[in-house]
Amino acid sequence: MSSAPIDKPFTLAGRTFASRLLIGTGKYKDLEQTRLAIEASGAEIVTVAVRRTNIGQNPGEPNLLEVIDPARYTILPNTAGCYNAEEAVRTCRLARELLDGHKLVKLEVLADQKTLFPNVIETLKAAEVLVKDGFDVMVYTSDDPIIARQLAETGCIAVMPLAGLIGTGLGICNPYNLRIILEEAKVPVLVDAGVGTASDATIAMELGCEAVLMNSAIAHAQNPVLMARAMQHAIEAGRLAYLAGRMPKKLYASASSPLEGLIR
Amino acid sequence: MSSAPIDKPFTLAGRTFASRLLIGTGKYKDLEQTRLAIEASGAEIVTVAVRRTNIGQNPGEPNLLEVIDPARYTILPNTAGCYNAEEAVRTCRLARELLDGHKLVKLEVLADQKTLFPNVIETLKAAEVLVKDGFDVMVYTSDDPIIARQLAETGCIAVMPLAGLIGTGLGICNPYNLRIILEEAKVPVLVDAGVGTASDATIAMELGCEAVLMNSAIAHAQNPVLMARAMQHAIEAGRLAYLAGRMPKKLYASASSPLEGLIR
Amino acid sequence: MSSAPIDKPFTLAGRTFASRLLIGTGKYKDLEQTRLAIEASGAEIVTVAVRRTNIGQNPGEPNLLEVIDPARYTILPNTAGCYNAEEAVRTCRLARELLDGHKLVKLEVLADQKTLFPNVIETLKAAEVLVKDGFDVMVYTSDDPIIARQLAETGCIAVMPLAGLIGTGLGICNPYNLRIILEEAKVPVLVDAGVGTASDATIAMELGCEAVLMNSAIAHAQNPVLMARAMQHAIEAGRLAYLAGRMPKKLYASASSPLEGLIR
Amino acid sequence: MSSAPIDKPFTLAGRTFASRLLIGTGKYKDLEQTRLAIEASGAEIVTVAVRRTNIGQNPGEPNLLEVIDPARYTILPNTAGCYNAEEAVRTCRLARELLDGHKLVKLEVLADQKTLFPNVIETLKAAEVLVKDGFDVMVYTSDDPIIARQLAETGCIAVMPLAGLIGTGLGICNPYNLRIILEEAKVPVLVDAGVGTASDATIAMELGCEAVLMNSAIAHAQNPVLMARAMQHAIEAGRLAYLAGRMPKKLYASASSPLEGLIR
């Protein structure tokens, strides 16, 4: 049962999508598992790390685009593996070339290989260059509301704060920052990174995110294909709950006022 | 997409159910909204407060069973509004009579009208009588693992610990107790009460519950029908995530060991 | 700096205490460490497991009371190791005999050795007998508010709900139940069990508990004597914060209303 | 009872302090309450918003330094009210002049008056200028570990990540980021902002912070002087617990392994 009739559509760069789940293509056992998980997830947007995945730059080697059909899926090239603005810009340009003028990219510039925390300053630099260069930039960032706002002002078409660090599965570490970003947002806000299990995705959607992007939560589950299906339902559940408007919290049913934030 | 092929069936008293969501019939605006919400939820088991709802005891008044067709739904009469064992036993017997020998009941004995906390001692007493009397007793209780075990030993066919108090929407207040109950359980464990939004139901299922029963979370949402659909997905998401096996949590992706419980 | 001038005194069975920290005597490396930790904690009430500790029943063996001077400390015999009402009652009577008519006891009846969860039904039975027999009963129990109320009605002089299970160090697993117990309480409420570190004790006191009893948090710390001093400050901090009245929580400083309980 | 004998000293810019609590001077009812709260807190470092407080720039008006004796307290001028690097630098220079060459400052550059979130980019710019200009810069920042590292590399003598936004009282919103900052830190890490009650300060210290700076938690408590005393104990409790080394968390006492991070 889809939420389509009651929801406004999820739109990015002029295209409309039925699914609010975006998924990565890395960390799977093999291309076949990648394909099955993507199919099970119902995702329509699939992100690809250009520096790690052959989408044509290595002729003669297995090409992801033979498994993920660009006619069926919106390919979202990303800059994973880039640690400064220059590398990220170069990688986006390579992707555009390989994908025949494709303008939609996911920008991420990380600070180091240990924490995989975003480098927000290099991210801002790269975003400015890419926007001027005509890209439709979806940008991965920390949950700093000010940086998120600056990235939107730069002209990015979507801001993608982390729930938790890449690969941690910690869920939404700081719902307060996320809520401030959502209150202020003038472009779509997607949670990207940190989701560990289905309920994390549901919570992100309940807070009002437009969509969620994930990779490890599916690829590192014991059964990735099953988890992909779980995530499809989790996103739908969270979106519908957000639209439905939850009941207030109370200490007990007959309490006269909703629960104040006085209990940890 | 159903989880049926990969999951063992959900079985109660010899009957098998495709849906792991059980829902209540109280607190709705009117019978039509009740009907629409139940339909949207995909629930197959519908619980009815015999003391508050006409299922035949008041001939000539609107009868819930004209809206909720017993041929389509499994009716689960419950003892809401009973504050001691005797009242609860009497109410179950009335239900059996009204429903032509129906044996499946949900026992709840509350302690007071202010907190709606279960009275576990009266609950135990009533459970013993009802089991001897031939009922298939699903029993609402606190999250005390010892009481849960005793209720199962009494012969109850399912144990239904609260996530939080009835009508509070607080979600799973104590996942530790719930986990101990689940580790020990010899009968199906369902979370009953306390769910406030979709992610709460997902979390309950991720912990390993067989199913979830709720009422206020749907009936007191701003849009109950939409929330009913959210819950259907939430339950499916949580069950599939449980079956899939989530990734471990880490402080950062390259950390060598999963996150110990040292951070609050 | 003591909170004495601004606080009402902490009183149990007619005696007044300056310290709101009660500590156990088990699980230490040796009696000398026990002595040093108690001293560092500033505790005035020290609880002793009569079934595990020699307080005179084994003449010729080391006697705890040579280390913990009953003239300086209020000895609180407890029934640890008792798994039914009868054992617990017998143990209290033995303690009274050994301690020359001492009436103050801590009753605990556990359900099993695996979880160390209280058996609330046996606890209630024992409490009734002991109160009738003239004991001043401080009673360890779960965080079930109804059982807590029944124990108070039985005549127990203090109710001691767990924060978490004995020996877990999980802190306050369910602050909601604890808050309901505190709202209703007609006798002093002390948190007993589950404290793992200093902030757990502070939180218990901030919620309004009269005092906290702990053992493992100190005895199983890497440096028990240091942790005992930490706990003394933690209790004082929490009590003073409770008396001072904390500021409200807000999403951001200029938000017009305190934070509702809508974020997990 | 002080932790002095067993702890290494808390040192900033060559000076050693017995207290690990730093407090602000704003938001009090009047100067007398400010004075009493500072005294009750035991703080030795007191921060002053140069843009809002007269420390000599307005001759003839009440001067805070008549209440807070610079001979007794280390005055820490701060740049509250500055929204870009240039204003912050100018404010520090004014403070140096007014305080006869005083080099120790607390730098904060906020992004806006609504959220009071730090502007980390302007903060970095100002830090570079101030360090080159010979200031000893303690710097307020977000909990972004990469920015924290860059600020330390710039030559700041202490990094002060927020626990939560200024004036929110939310406590430590993201302990994971704080833990990463602490793991990596080459300079003292102090939590600054977000503390709402005593246990928040205790938790910050248990995580390994060198000290905590707060203002609203004390000034906006119902009884600021009492809360100031609570905080003194809270800081001591947290520091001692950190040094003592807490017990591991377990699901139940007899569980064979510490609790993994699988429960939320």
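Labels for the chains are A, B, C and D, by order of writing; each one numbers its residues from 1.
Everything below uses one rule, namely that a contact is a pair of C-beta atoms (placed from the backbone, for glycine too) under 8 Å apart; a residue touches a chain by one contact, two chains touch by 3 or more.
Since this is a predicted model, take the numbers as computed values, not measurements.
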Chain whose mean Cα position lies farthest from subunit B: D
Winner on C-beta contact pairs when C-D is weighed against A-C: C-D
Interchain centroid distance [CA atoms averaged], subunit C/subunit D, Å: 34
Rounded Å distance between subunit A and subunit C, as computed from the means of their C-alpha atoms: 48
Per-residue overlap in subunit B, given as positions that touch at least 2 other chains: 115, 117, 165, 168, 170, 176, 180, 199, 203, 246, 248-249, 251-252, 259, 261, 264
Subunit B-facing residues of subunit D, complex: 175-176, 179-180, 203, 207, 246, 248-249, 251-252, 258-264
Sites on subunit B touched by subunit A in the complex: 1, 3, 6, 40, 113-117, 165-170, 196-199, 201-203, 206, 216-217, 220-224, 226-227, 229-234, 236-241, 243-254, 259
In the complex with subunit C, residue positions of subunit B that touch it: 111-112, 115, 117-121, 124, 142, 144-147, 164-165, 168, 170-171, 173-174, 176-177, 180, 199, 261, 264
